[in-house]
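Multiple structures are listed underneath, in structure tokens.
Next come two complexes, and both contain chain A; in the first it sits with chain B, in the second with chain C.
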Partner chain A sequence: MGSTLVSAIGFGVVLASIIAVAAMGFTIQFGLTNVLNLSFGAVMTVAAFSAYLANEHGVGGWSGLAVGGLAGAVLTLVLGRGIFKPYARRGAHLFEMMMVTLGLSLVINYAIQAISHNNIYQFAVLPSRPFQLGSILITHTQLVIVFISAAVLVALESLLRLTKIGRALRAMAADPELARACGIRTGRIVVLTWLLSGFLCGMAGVVYIINTQSVGYTTGQLFLPLVVAAAILGGAGSPLGAVLASLIMGIVTEVVAAFGSDAYSTVAGFGILVLVLLSRPGSVRGGQSGHTQLTL
Partner chain B sequence: MHVRKIRVALVACGVAACAMAVVAAAQGGRAAGGKVTVAGVIALTGSSDFEGQNQVGGLYPAIYAINQAGGVNGDQVVFKGVDTRGDPADALPAVQQMLATTSNLVAVAGPDTSSAPTIVPVLNQAKIPMMAVAGESVYDRNTAPYFWRLFPPDAANGTAMVLWAKRKGYKRVAAVFGTDSGSQGDKPGVIASLKALHIQLVANVDLTPTQPTYLSSARKVLAAHPDVIMTESDATTAGTFFGELKSLGGLVPIIGTEATFTSPWLTAVKGALGSDFLTDYTGLITAPSKPTAAVTEYRHAVTAVKGQEPKPWQSYLSNPFSITYYDGMIAVALAMVATHSNDPKVFNTAIPSVTNPGKGKKIVYTFAAGKAALAAGKHIEYVGATGLINFDKWHNSFGNQEAVKSTSSLKPVSLGVVTAQQIQAVPVKGA
Partner chain C sequence: MTAWSYYIATLTVYFGVNVLSGLSLNLQFGYAGVVNFGYIIFQSVGAYIAAVVVLGPSSGTFQQYVFGAHLPFGVALLLATAAGAVLSLLIGLFSLRNIRRDYQAAILLIISLIATQVVQGYVPLFNGSNGVTGIPRPLFSTLPVSLQGYQWAYAGWVLALAAIVYVLVRWLSRSPWGRALRAMRDQEDAAAALGLNVTALRLQVFVIGGAIAGLSGGLLVEYIGAWSPDAWGYAETFVIFTAIFVGGLGNYAGVVLGVLLVPILFLELPRFLPQVGYPGLMDSIEWIAIGAIWMLCLYVRPQGLFPERRNRARRPAAGPLAEPRPEQVGAV
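And then the complex of A and B:
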């Protein structure tokens, strides 16, 4: 009983680490632009496949993280500037933009499904034997994934709090009009946000397939609900909040799966989200000040 | 004078056309030299779209073989896909639309497990013969006259898996099944057969599809220390679960249901396990006890239509579902020829008469041979690519099961046979 609980918590931390990398990327972008980007999961999948293809051509190991991150960054920037911005210019509001991202997600996913012939491909680039850490059975790779997640959190919080760009980003998230009036080049900040968010999204896709050792067309979509939930639960625009929320979601999910059925695990995670939203309904609006305009 | 001749000719043509129409109506409403439609009622899109690929993988070759031999009663057979999306809610309107809009519909391939409870009564009421692949035990004592199942019930497949495990000396079994209806259908047969054969069930784990991770479920299996895992789930779930199980060092031999020996499942698990897959996986599939001319004919037909087949076309050469659909459609076509009718109400009851063994019957392995024998006034027994076809009074027919492993190109390699007699001898209760 006790060892099962500890083990489930261990798995929860691993799962949370994967969710957290994606959730930090999602929350940064959502907090600034207010776009509830449902194509995020599809970009994760594209990034994962990019890392897989790079590995097939000799770029293996952890460098796949960089490949996936770059693929995610480029694709997210293309979507942000090439599709979301023109829609926003034509008067799309929050809900319309969410539907645009949903449509894009379907298009990208079906394209990947067609190209990959529905197949799942092996991505065992970093196989490692499991070992017991107390009651927790874990692999070295999973430990590195936890470390990566923590490192991303530290780097992102440092960027936001200690650099000029970070301060500009936070200012824009709080009040884009005032930030613009203060001379902040908002266009550049938005571009940077798309790149940063996309890079983390891509990294998350690769981290996920490093853990499961396989990649398929549903890779990112499986994670999207948890990522969005963690970003909302943690408060839009807050990487630390996203990580804490990911930990809650991950641990609850795995504990419920260990003691009950995995059929209820994700449901339990979302139960927490519902409870939080009941007490903090403003979380879904995005932006640190709760402004509801798209910032693109 | 010239105009009058033309008028007479036109009237004569009109009378002839009317006469031909009356004759055609008497033949079941279908003019000879026309087309009859076979509909595939199956998931063509969605997460179960591989079922549609399995189906057309067998139907295209069957239709090719039938049409190459001159069709049925002078008519060519054409295919129409009807997408159930693997969901009864989508299946019902799709089938109702098919019935309302499809002319010359003579038979249906399908439905599958998920949509059968909804669709079977509708097709039965419409008097359309269906060659189903629904494994539910409710059809073991089927009473719908237009329902035919050339496929082992889920319970029989489960019993064959347990018999194979016993033969290999496994004593501790973990049952890992998806929570989707197709996968769950096989589980009771496995559990009941384990009990009947006194093999210990050490873990009983359900996998809910579309979860991003199954680490805790993998640990449950790992903690139970099984000798072998018996399994069925959708491809994505299987790929994720077995990949994580392997990463935790818990991989043991896997025995899969017939549904696991399909290209998407094999590809997914092979992708997750790598070379371990080739040694650790065994599937129990419907198979002929010996290669026959029917198998050769089937493979020839698959090769002939390889441009139409879903990719990779080679996978349908040995896909048990595709072969079953092929045999089902050949049997239906032979029944049409035997009764000289394309009317389902006429030929439906004749289906067992062209397949089941009987004294003085000529054994045939192909549609062309069966058609020729029938034309010569003989009674026939079609032995298909799946082997002997012997429908019982509940319209069920299943034969031996074959334990196979997969090559790296997903071809089956026989490991041994579990006979239908051995399966039926297991005193299974509660499956």
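And then the complex of A and C:
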């Protein structure tokens, strides 16, 4: 009983670390641009497939993370500049933009389905034998994933709190008009946001498939609800909040899975979503008119 | 020729069912601005309920499910309608609070994804991934007609129900209640200031739409005889949304046209084209095209082929896809 609980929490932390990398990317993007980007999962899948292909051509191991991160960063910037911005110019607001990202996610996901022949591919690049850590049976890979996630958190929080760019990012998230009036080059900051959040998104895709050891066209799409819920629960724009929310969600999911069944663990995820709604009326309120504006 | 007749009768049934879906979403989204990205789960709860209440008690070996009974098909349809309404009420109660519309839509989409996983994972509910099968066709053995005649009789029955719902929904949206819906959609703050209970209005339109969705699911499952999670992926919702985008939001004739163009013509036409690439490639391409049409509609013509007809002169910018700008809100 006790050891089951401890090992379930251990798995929860691993799951949380994977969610957290994606949720940190999502929350940075969402907090600054206000685009509720439902194509985030599709970009994760593209990055995961890039890492898979790189691995097939001899760029294996942990450097797959860099490959996936770069793919995610480039794709996110291209989408942000080439698709989201033109729609915003034509007068799309928050809601229309979300519809655009949804259509885009259909296009990307099914394009991957077409290209991948709807197959699931093995991605066993880092086979490592599980070992006993206390009462938790864990692999080296999973341990590294937890460290990567923690490192990303530290790097991101220090970027936001300690550097000039970070201050500019936070200022723009709070009030883009005022930030521009203060001489911050808002266009550059938006480009930086696309690149940064895209890099994290891509990395998350690769981390995810390193753990599951397989990649298919639904990889990112199935993961998206967890990421969006963690970002909303943690508060838009806060990496630390996203990580804490991911920890709650990861641990609850795994503990319920250990003591109940997988079906119940999804219901627990559902329960957390309700909690998100009830706990954050302040940040999600705004009616239809909404005074929040897109920043692109 | 019989194969053709059979095929066209089947398409007619699908057409009727999709018209019902389009009417439901158009009432919710086109008139009230409620974005139901989980539409397909309300259709599928209707389908599951209509299936299990005619299948008889679950034997537990061949397939497992709840609520097994031997009820007549008419009662099954009523129960399916009620199931759609009840599930809408439950989900609407917590998801339709006064929150940002994009959050609301994302939450309903997430609920749709989770619902699929729950039904797949919890087998005793509706037999998991395999789904329920062997649902008898209503009055198949009692009606004195051939198989061909039965097909067309069923198609007529679906079309008749779709026509009744069409008239009903059109009447509803022209009533004072329908005007209140449009007021809420275009200027929510102003509508609330006039004393309309916008949360209650949203919930009402959500439940009515859910009831229509349940009915459409019941009609569909009684025709095809089986229902499984493969039949209700979250993306199915977007086919109907694309149809009403193409046809015209807030215009019922447009909905019928959109359903004819998108789910019927567009998704059926590839059957008659030569097979390209490996099996399944055409399916992927169809979905890519659905997404592309969706994005194109948002870019080029958000009001659809047949825009909503206005009773009086209005600002042209208003409509389900145009959020009021802050300066307009401020001016109210």
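Annotations
Keep in mind that, in the parts below, the second predicted complex is superposed on the first by the 285 of 296 C-alpha atoms of A that agree within 3 Å, B and C clash if a C-alpha of one lies under 4 Å from a C-alpha of the other, contacts with A are read in each partner's own complex, and residues count from 1 in each chain.
Quick note on the criterion: contacts are C-beta pairs under 8 Å (C-beta built on N, C-alpha and C of every residue); 3 or more make two chains touch, one makes a residue touch a chain.
Since this is a predicted model, take the numbers as computed values, not measurements.
Partners chain B and chain C, once the complexes are superposed on chain A, run into each other and clash. In the superposed pair of complexes, A:118 makes contact with chain B and with chain C alike. Considering which of chain B and chain C touches more of chain A, the answer is C.
Judged by the touch definition given at the top, the superposed model places A:36 against chain C, while chain B stays out of reach. Judged by the touch definition given at the top, the superposed model places A:63 against neither chain B nor chain C.
By the touch criterion defined above, A:106 lies against chain C but remains apart from chain B after alignment on the C-alpha atoms of chain A. In the superposition on chain A, A:222 makes contact with both chain B and chain C.
By the document's definition of touching, of the two partners only chain C reaches A:94; chain B does not. In the overlay built on the shared chain, the residue A:232 is in contact with chain C alone; chain B does not reach it.
Touch criterion not met for A:135: it reaches neither chain B nor chain C.
After superposition on chain A, the stretch of chain C that runs into chain B among 95-103, 185-193, 221-229 or 257-265 is 221-229.
Counting contacts by the rule stated earlier, residues 117-118, 222, 261-263, 266 of chain A appear in both its interface with chain B and its interface with chain C. Those residues of chain A lying in contact with chain C across their complex are 36, 38, 83, 86-87, 90-100, 102-107, 109-111, 113-114, 117-118, 221-222, 224-225, 228-229, 232, 261-264, 266-267, 269-270, 273-274, 277-278, 281, 284-293. Across the complex, chain A meets chain B through its residues 4, 7-8, 11, 14-15, 18, 117-122, 124, 127-130, 137, 139, 141, 208, 211-216, 218, 222-223, 226, 254-255, 257-258, 261-263, 265-266.
Those residues of chain B that touch chain A in the shared complex are 49-50, 179, 206-208, 210-217, 219-220, 222-223, 235-236, 239-240, 243-244, 246-249, 264, 267-268, 270-274, 311.
Those residues of chain C that touch chain A in the complex are listed here as 33, 35, 37, 94-95, 97-103, 105-107, 109-111, 113-114, 117-118, 120-122, 185, 188-189, 235, 238, 278, 280-281, 284-285, 287-288, 290-292, 294-295, 298-299, 302, 321-324, 326, 329.
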